[in-house]
Every structure is written in structure tokens, then in C-alpha cells.
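Next up: some structures, all given as C-alpha cells.
Each of the two complexes below includes chain A, the first together with chain B, the second together with chain C.
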Partner chain A sequence: MSTEALRPPPSRPLSPRRGAWMRPLVGGGLWPAVPAVAYLLVFMVLPIGTLLLFGFVTIERGRIVGDSFTLEPMLRALSDPLVWRLMWRSFWVAAASTVLCLLLAYPVAFAYGSLRGVWRTLLLVAIVSPLLTSALVRTYAWLVILGGRRGILNQSLIWLGVIDEPLRILNTDWAVLIGMTQIHLPFMILPLLAVLSERDRRLEEASLNLGASRTATFFKVIVPMSIPAIFAGLALVFAVSYTNFIIPQLLGGGNYSTLAVQVYEQTIVVLDWTRGAVLATLLLSTCFLFVLAIVSLGSRLSRWNEVRR
Partner chain B sequence: MSHLVIDNVSKSFGELPVLRGCSLSVEKGSVLTLLGPSGCGKTTLLRTIAGFITPDAGRIVVQGNDISDMPPNRREVGYVFQNYALFPHLTIAANVAYGLKVRRTSRAEVARRVEDALRLVDLSTFADRYPAQLSGGQQQRVAIARSLVLEPSVLLLDEPFNALDARLRLTMQIELRKLIQRVGITSIFVTHDQMEAMTLSDTVAVMHKGVVEQFGSPLDIYDRPRTAYVANFIGRANVIPGEVANGHFDDPARIATQAPAGPAVLVVRPENVTVEPATAGDAAPGWPGTVTFTTALGPTVEYEIDCGWPEPLRAIAPRSPGRPQAGPGDRVVARIADPAAAVVLRRQDGAHVH
Partner chain C sequence: MRLASGVVWADRIGMAALAIVTGFSILLLVAPSLIVLAVSIEPRGYISFPPSGFSLRWYEAVFANRQLTDSVLVSLRVAFSVMLVCLALGVPAAFASVRGAFAGKGALNAFLLSPQMMPGMVIGIASLFFGAYFAFRASDAMLILSLSVFCLPFVIRIAMARLAGLDPRLDEASANLGAGKLETFARVTVPQLAPALLAAGAFTFIEAFDNVTVALFTSDVRARPLPVELYYLVQFDSSPVIAAISSLEIGLSFLAMLLIARTVGLDRLGR
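== the complex of A and B ==
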């Protein structure tokens, strides 16, 4: 027998490229999800589909004019520089607030792992409690805090002598960014929490034992192992930030607009359903693309995760 | 001065004392084996040496330097974890390279040393796989390679061979032993396997309930166990209760002893017991009894004899086809073949007497 025959076969590729999408169905892995998928189809995909359809038909006096499929409203929107400006603002505000969320959430989730008993419970309650109040109420609270001369923030800073003139925060990008980051923070903390608090401490010990400092261990072991959770949080927070219209509308002021705000205004205020539906189509499809990009970057960075047994 | 000294180390987890005044010393380049039942504190002791646990009392000294307060990443004490603790997000090669990269070793040297280490554990072809794609035994070898590649001055191995099959285990033991000798690594092994302890180590420490019960060369511990517990843990032993009076154990063989008068136990290895058929008028002192069970093992036969004690007396005698052999129900007399090899120990309250 040659030594060639004794060699183990080469490693199997991490992601089989062909037929991979079929596998969960064949293995029965997806069947338990069927009720949820059916529910979503009837109560989410169908209404959204109908709504989006409005952008491609002619509507007269609240009725769809039969057989009137048209790309005209969509093409008009795409050639409108205002739409592109709105989309750009939606994007960068969401992206900036998502990154801020990650930077703020990671230490909290990390600290949670080293707390015990009642402190752990208290922190968890503190993290999820914002989710128990309505986003509208919380946004109004920010109005009170950030608002003009008599806002809590400016009054405190002036009283402390840090500033002489009130800061103009409300009705700027900053207000939107601050509000969005605070309100969406739990969506970033929760996925990180699960992974960071359940992590295997022996890996950190192994890293220390091999001579790595605590900082090196953090960046070479803890962070890479939490990549799946990081990207889950990024995708989640980006999606809710990109499509949120309440926060930009209230904290950004009357002249501040994003793609999501425009969808709201066109459908509810202006009652131009066609334009509203076209903008909604753009909002949803770009959101989908961005989330897809985030998720696929995440899985590229954690390909080792695929082989976990 | 020994290379590694563990001086009176104690540790409690809450109310539970896990290490109680453990003292050990290991010479440079020699191998110490920690033997003991599950839960006796072996892993805790190793973790204390590696710096993951701060002892409540006592010192750990390497080459004359007290390292008790040194952070684990500065100790240069290799540790092979009981559950391997391989980094799941790194390939096998990257796992082995981890410590070298942290030390900013040059790329070429990292590649060379990783290759050598993987060749040593016979895993060169697996370099690009991830730990989850390896069997338990293969992962164990990666864990060993990952520590060895750094050539630490002290190496701690927590049951490093428990997932390997018998043949690979032997190969690994020999290879590791050679490497330890060549590089001069002072090492401590934890094992449940007494054979492994005998073959691998220069010294053996038997732990029991957080205490080092005996510490010495393997044969010394086998021949002169200091407690009944040790006698039973290293090899098998008959522990026969009795009394010491006038410098003799009060038993048919009247074995001389230095032990003080009072309750005592006699420790006799099964191979030191001879079995003969009971014949009337037999003068030589012995224990009469009835054979209850025999196991023929080819070259030897093992008897269990009921002598009226709570535990049967065990004896191992040579066997050959021509020779008559006692069977269950036979009346026999058991005698100690070599009184000098039997050990008399004081019977302590709470001491394990089997």
C-alpha cells in the first residue's frame, strides 16, 4: 500500500456551493417553520405586496384602473435627485447609529457576563425596559431632554457652566442620531448578551496561558467568537433604523426628511399613494440589499461557524 | 532546589475545601504524575499552578521565583486542558501558531515550528481543518502540540491521553516522554490510569480529598504505601484489620513492625499471598478460608477467599496446566509469601479500610 492511500482525504469545502439551499428542506430542518411562514405569507407578504403594487398601477378615485401597469412613477422617482438625497441620509443616519449601538452595546453585554445573581437580573431588566414603553413616548422624552433653551440638557449644561449659549441639538442630525441609538440599543445588546454570557471561559484561559495579554485575548478570541452575534445585531438595528420614520420626524424637525418619512407623508398626509408605494418599494428593496450585505459579510467572517457540530 | 515547588497550597470554593496544604516538588526535566479519584482536586491544583486560580494560602515557586502573584500570561507554564479548549474559529495550524504569533515570532519560524509540532503529533495533513472537524483524540493531540510548540519550562497536562486508543496512547506517551527529556520540560501529568503513571513518571503523587497522601517514586509508592488508601489506589491490596502489640501484628504470620501498639491494618499485595489446600496438622501460620471465586487469566489465577472478614482476601498465583488448582468451595490456607513486603499501618479513624 502506498503512503498516498493512508493520507486522510482533503478537508471538505466549508460551504457546498451546489444544492445547498435544498438541504434544510430535505433534512426536515425547515418543516417546523411552516406555520410561521404561512402566517407571514398571508398577513405580511400579501399586504405589503398589494401596497407595493400601487406604485405600478394607475389609481383613479381610489380604484385601480384595470390593466394599467406602468413603470412611469418608479422611473420618475429614480431620476429625482431629492429621492437620492433622502436615501443617502436614511443610509448614513442608520449606519452611524448602528455603529454607535454596537460600540455602546458590546461593553454592556460583556459586563453582563461577569455579573452574578441579582445584579445580573437588574441589568437585564434595565436593558429590556425601554422595549416595554412605546417608541413614540420615548421619542417625546428626547424632545423634552434635547429641546431648545428650556430642554433638560441645555439647562443642566448652562447651570453647570459648561456652556453659555444653549446648544442647538434638536432638529439636527445629532438629535436623530442620539434618539435612534438609544431607542434601538436593546436590539443590539440582546443578541450579544446571549453569546457573550454563555461563552466558554476556558478559551480565554487557554489564550492567556499561551501568553496573550487580556487585551489581545479580547480581540483575538472573544470578539471573533461573537462575530455571528455582532452581525445579527448590526442587521437588526440597521433595518429598524433605516426604516424608522417617527424619530427623524420628531427629533429632526419639520424640514428634516428621510426616505421613510417621505413614505409616511406621501401615503398618510399627501395621500399620493402611487408615490408613497414607489418610495416604499425603494425603501424596502434597498433595506433588503443592505441587510443582505451585512449578513453575508458576517458569515464570511465566521465561516468556521459552519463546521460546528 | 527543585525546579517547581508547590508549597503548602490551600484553596476553598466557598465552604468546600478543595486543596488542603498540598506540597510537591518536581526536579528540572522530570515528570510528576498526579493520581487520584475524580473530584480530589487535581485539576484545581494544576489551574492554581497555571494561574487561573489564586490560592488562599501557600506559594508556587519556579526556579526559585515565587510566581503566585504573576498573571497567567506571564508564567510560561504550558497547560493542556482536560477538554482541549481549542479555538473553534482558528484552523489547526492557526491554533498551534497562536502562542508563537502572540510572541511576535517571525513568519518563517512560525511556519517551521508549527509544521514540526504537527508532525510530532501526526496531524500534518489536518493543518487546514477546524477543530470541530477533528475527532476527540485528534483534538487532544492538537492541544498538546499547541502547548509544546512554545517549549515551556513547565508543562501541565490534565489527562492528556484519555481520548486516545491504546496504541496511539502508548506512542504518544513515549514520544512525549522523549521530547520532555530532550527539551528538559518539567511536567506534571494528571491521570486516572495507574499504568500510565508507572510508565510515564519519575515521581507520583497520590491525592485524596485535596491532600497529597503520598509522594515518591512509583515503585516506592507501590512497595511502601503510607496509607491504606494509597495501597488500594496504586495496584490492588488486601487491607486486613488487626492489632499491633509488642512490635508485632497479631496475626498468624506475626509480622514485626515499628508501628505503635493499637489498632492497625496489614497491607498485602495479592501476588504476595500463597494459597494451599488445608491439610490437617499443618504447622505454618496462615489464614484458613474458603475459596469463593476464581478467575484464570492465562499465566496467573486469581482467588477470592472468604476468611471471615468483611472483604474477601485476594490472591494471585502462577498458573500452569499441569498444576492442580483450588476451586470454589475448597478449604484452603492463605499465607504471606514474603513478610518483608507486607506493610503494617496504623488504623486511623476515618481512614479507608477496604
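== the complex of A and C ==
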């Protein structure tokens, strides 16, 4: 390395090898990453391998019954219309909430770019504080807000005279959609924030000076510039929404189920680990497929933008 | 240059729409936490909004509830251990992936950050099944091991961002002035890295403390951590006592946020 070449040769005659044992840590090698890599191999890769395997074997008391490889549980799940219905619901709830997140997040990130000083800091606190607040606490907040007659939303709407009878929102798709959107909103804002707050303003000024309206500048200059960040946010929010089981369980009520909820129920309540493993495998693989689709659509769009320019 | 008045109007409507949506989003972001705080000071036995008075009786109820205080202790212990494990594994790993010069560095980075792509539930169930294979039951140890997988990318990401921003010439200068590798590391690199370590530690602590998706599968049934305890409570009850404990959690995350804001800056969290 260059440090080696730059150092004056006999600077430490008393202990020339002092600190030599530190070299692996501060030198340019792979060495310091070895413990983390080993840790992930043992505590992530092997366990996930086990999870995938458990869907294709017979299990008794948490142990694989010798030589019992079978495709039967997977085929049974794939031919079960209930599984497809649950997957469809997981998909559309996650997709709808992801799109809602984008619509709500973009203006916030855009506003952040044009704010300065204290207001900017306050907005940042508003964006980040939910991220650091337990998702369970925020789900509880939605239980309180949307809950039956005593729910805060119903109380306020009745008091304002907007409605006479309390709305039934809790234990419906709407509650799940609202909760999911609010809880994952910061995940969409943060990637946009980075791009929109450090954007090159001269492009907008040029566009405005050339006579384009603000609306046209917004859609033709600013939005195309942020396409990679938009799709990064979409992929992240879709993945966390699609695999979330806490929000559907608590806000959707006892009879509400999605693929992720079923994975939990089979593993923890029914204790059918084979079924749980099969459904978890389906959840994980479909999630990767959807995320892959979002990411490739994003890169195609931004390439298309480059060409158009 | 004169614009058509229609265009000006469209712009005004566009700006107004933008402002309205921004306001609505901000309300959506902060209102739930504020409502939880408001409900926690309710003097009566059920939820009403705005609260009918001010009382700390639900906070007293939290501290009088042995099950809740025990679960807080479990969570504190677990979160602290996870923080130590993640810092010990993550910081050196970040060194390798920023300063290292070797083939396959991109692959290494992707692998180190890959737990981010795994839903918490999948990490939890996988750990449960893997443990069962060795007759290793859900316990504090399993919870710490599985949560560390979940939290490792947070430390690595924050440490990497900070390391990438350091000027390697400072290290070279230190070496040129005769400092050894160890001295350079301890007196030049670590002090520059310290804010990132604090932020990474705080973020990991909070994520481990609050986690429910992994913990539901790997925590000890007899010594539940706080989020798991709350998860079961919330299903059957929405009494203000949950609001009180939630408010305490919100206070904790605010402390973490202050620490992160003072060290690496809040806007760094998303990158």
C-alpha cells in the first residue's frame, strides 16, 4: 500500500514490530470481515437453508425423519386455492400501500429540499421519529384511533358532525392499508430525501428561465431525476409491507389473514412446521420476484430517461 | 416573457396540492405518537380524546406490573448484548469493505448487507428451526443471536458511511510522523469514527429493543421481552396502561434520536 512506501524507514528502531499484530485489522485485507461473514454463514445462511429444507421433509419433534424427502407439502400448498387467495391479498394490500406511500412521501421530500434552518430540522424529526418508534407502538396507536365507537377518529368525526353513526374501519382492509402506509412512510421518504435535498437547482432554474411552468418543471425535470430513488423506496416499502404480519393481525382482526399471517399461525399456533416452512418459502420467493420486478422496471425507466435526454 | 394565465393557474393548483399533501403526511407521521402520549395521561379507565384530565396512574400501573417490568429488564439485557455483538462484528467488517483492496469486494458488501433483505419473520423462524435441529430452545441466547443477524447491517452501513468519509491521508500523515499502525488506529482513526459508533450503537439498541418480528419466534416463553409482551397485551386489551408503556418507549427512542442527531446526523439514517 501507499502508506508503506511513504513511511520513513527506521522511525521506530526500538520495537520495529510494534503493532504488527494490528496489521490485519488496519491493512487492506479481507481479514477483519471474517468474523461477521462466519457469523452470518452460521446464524443466517444455515438457518435459512434449514427453513427451506423443512418444507420438503417430514418433521417429528423438530427433527427430520431420515430419508423422507418429498415434494408433497409444496405441491399441496400450490394447489390450494386458499394459499393463492392469501397471496393475492398480501400482494394487493402491499402494492396499494406502497403506491400510497409514494404519493404521500414525494411532496414531503420535495418540501424538505426547499426548507432551511429550524423548519428543516423539525421536518426531519417528524420523518425520522416514527422510524425509531416501535412499529408495535404505532400499530397500537392505530387501534386507538380507528377502534369502534370509542375510537378517536369516530369520536372526532361525530363531534364535528361529519357522520352520525360511527364508521366501521377497524378489522377491514382499510385499517390494514392505513396502518401499513403510515408505518412504512419513513422508508419511502428517506431515499427521496437524499436525492431531492441535494439536487442541482440550476437545472430547475434553467427550465423555468426557458419558459417552462413550475408544473412542467416538476414533472419533466425533478421527477425523472429522482427515478432511481423512487424505485429504491418502492422496492423497500413493498418488501416490508408484503411480509408484515403484525399489522394485518392487529388491525385486520382475528379473521383477517394474509400469506405472512398464515406463516406465523402455522409455525406458532398450529405448530405445523412443514406447512409453515412451505408457506415461508413461498412468501420469500414471491417477495424476491416482486422486488426484482420493481428494481428492473426502475432501471429500465432511468435508462430510458438517459436516452431521451 | 408572458405566460398563458392557464399555466399560472395550473402552477398555483399544483403548489397548493403539494402543500396540502405535505401537511397531511406530516400530520400522519406525528399524530399517532402524540395521541399515544395523550391517552397515557387519561385519568379514567378507558380511552378518550382529548384526555379528560391529567394523571400518572397508568405509569404507576406499569411500574407496579411485575410482568411488564420483568419484560423491560429482559429487553434491556437483550438489546445491550445485541448492540455489543453487532458492534464487535460490524465495525471490523466495515473496515474490510471500505479500506480493503481485494477481489470480490462487491460480493462481500452484498453479503454483509443481505440480512436487510430478509423479513424479520423469516430470520426468526429460520433460527427457531435451526435451533430445534440441535435441540436448542427459544431462549435469551437464541434471541440475541437471531436479533444480531437482523441488526448487523445497521452497524455496518453507518460505520461504512463514516469510514468512506474519512480522509486516508490523515492516517498516512500519522504514519509519516512515526506512529505505528496501532497508534494510528487508536489515536487517529478511532476518534474520527467514534460518533458513528455511538450512532450505530444507539440505532441497534433501539431496533433490538423494539423488535417483535424476530422476537416472537426466538424469545423464551417464560421470559418474554417487552415487544412480545405488548404484542399479546394489545390483542386483548387497549387500556391506557399500554399507552403509558408505549409512551415510555417513545421517550427512549427520542433519546436515541437526539444521540444520532448529535453524532452523525439524522439524514444519514436513510442511506
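The rule we apply is simple: the second predicted complex is superposed on the first by the 260 of 309 C-alpha atoms of A that agree within 3 Å, B and C clash if a C-alpha of one lies under 4 Å from a C-alpha of the other, contacts with A are read in each partner's own complex, and residues count from 1 in each chain.
Rule of thumb we're sticking to: a residue touches a chain if its C-beta (ideal position, glycine included) is under 8 Å from a C-beta of that chain, and two chains touch if they have at least 3 such contacts.
Because the structure is predicted, anything quoted here is derived from the model rather than measured.
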- Message: Quick one: is A:Val65 in contact with chain B, with chain C, with both, or with neither? Answer first, second, both or neither.
- Response: neither
- Task: For A:Leu289, decide between first (touching chain B), second (touching chain C), both and neither.
- Result: neither
- Message: On the A-aligned overlay, A:Pro224 touches which partner chain: chain B = first, chain C = second, or both, or neither?
- Response: first
- Message: After the superposition on A, what does A:Gln182 contact: first (chain B), second (chain C), both or neither?
- Response: second
- Which superposed partner A:Leu75 touches (first chain B, second chain C, both, neither): neither
- Note on the structure: Winner on chain A touched-residue count between chain B and chain C: chain C
- Query: Touching A:Leu40, do we find chain B (first), chain C (second), both, or neither?
  - Reply: second
- Message: Which partner chains sit in contact with A:Asp200 here, chain B, chain C, both or neither? Use first/second/both/neither.
- Response: first
- Message: Contact-wise, after the overlay, does A:Gly211 reach chain B, chain C, both or neither (first, second, both, neither)?
- Response: both
- Item | Which of chain B and chain C A:Ser302 touches, first, second, both or neither | first
- Item | Contact residues of chain A, present in both the chain B and the chain C interface | 7-8, 11-12, 211, 213-214
- Item | Residues on chain A engaged by chain C in the complex (per definition of touch) | 1-3, 6-8, 11-12, 18-20, 22-23, 25-33, 35-37, 39-40, 43-44, 46-48, 50-51, 54, 62-64, 103-105, 107-108, 110-111, 123-145, 147, 150, 152, 155-156, 181-182, 185-186, 189-191, 193-194, 197, 211, 213-215, 218, 239-240, 243-246, 249-250, 260, 263-264, 267-268, 273, 276-277, 280, 283-284, 287-288, 291
- Residue ranges of chain A touching chain B (in the complex, touch as defined): 7-8, 11-12, 200, 202-203, 205-214, 216-217, 220-221, 224-225, 227, 302, 304-305, 307-309
- Message: Please output the residues of chain C touching chain A within their complex, sorted ascending.
- Response: 1, 3, 7-8, 10-11, 14-15, 18-19, 21-22, 24-26, 28-33, 35-36, 39, 46-49, 88-90, 92-93, 95-97, 99-102, 108, 111-112, 114-115, 117-119, 121-123, 125-130, 132-133, 135, 145-146, 148-149, 152, 156, 171-172, 175-176, 178, 180-185, 189, 203, 206, 209-210, 212-213, 216-217, 227, 230-231, 234-235, 238, 242-243, 246, 249-250, 253-254, 256-257, 261, 266-267, 269-271
- Item | Contacting residues of chain B [partner chain A, same complex] | 50-52, 71-79, 81, 83, 85-90, 98-99, 102-103, 125-126, 128-130, 132-133, 146-147, 150
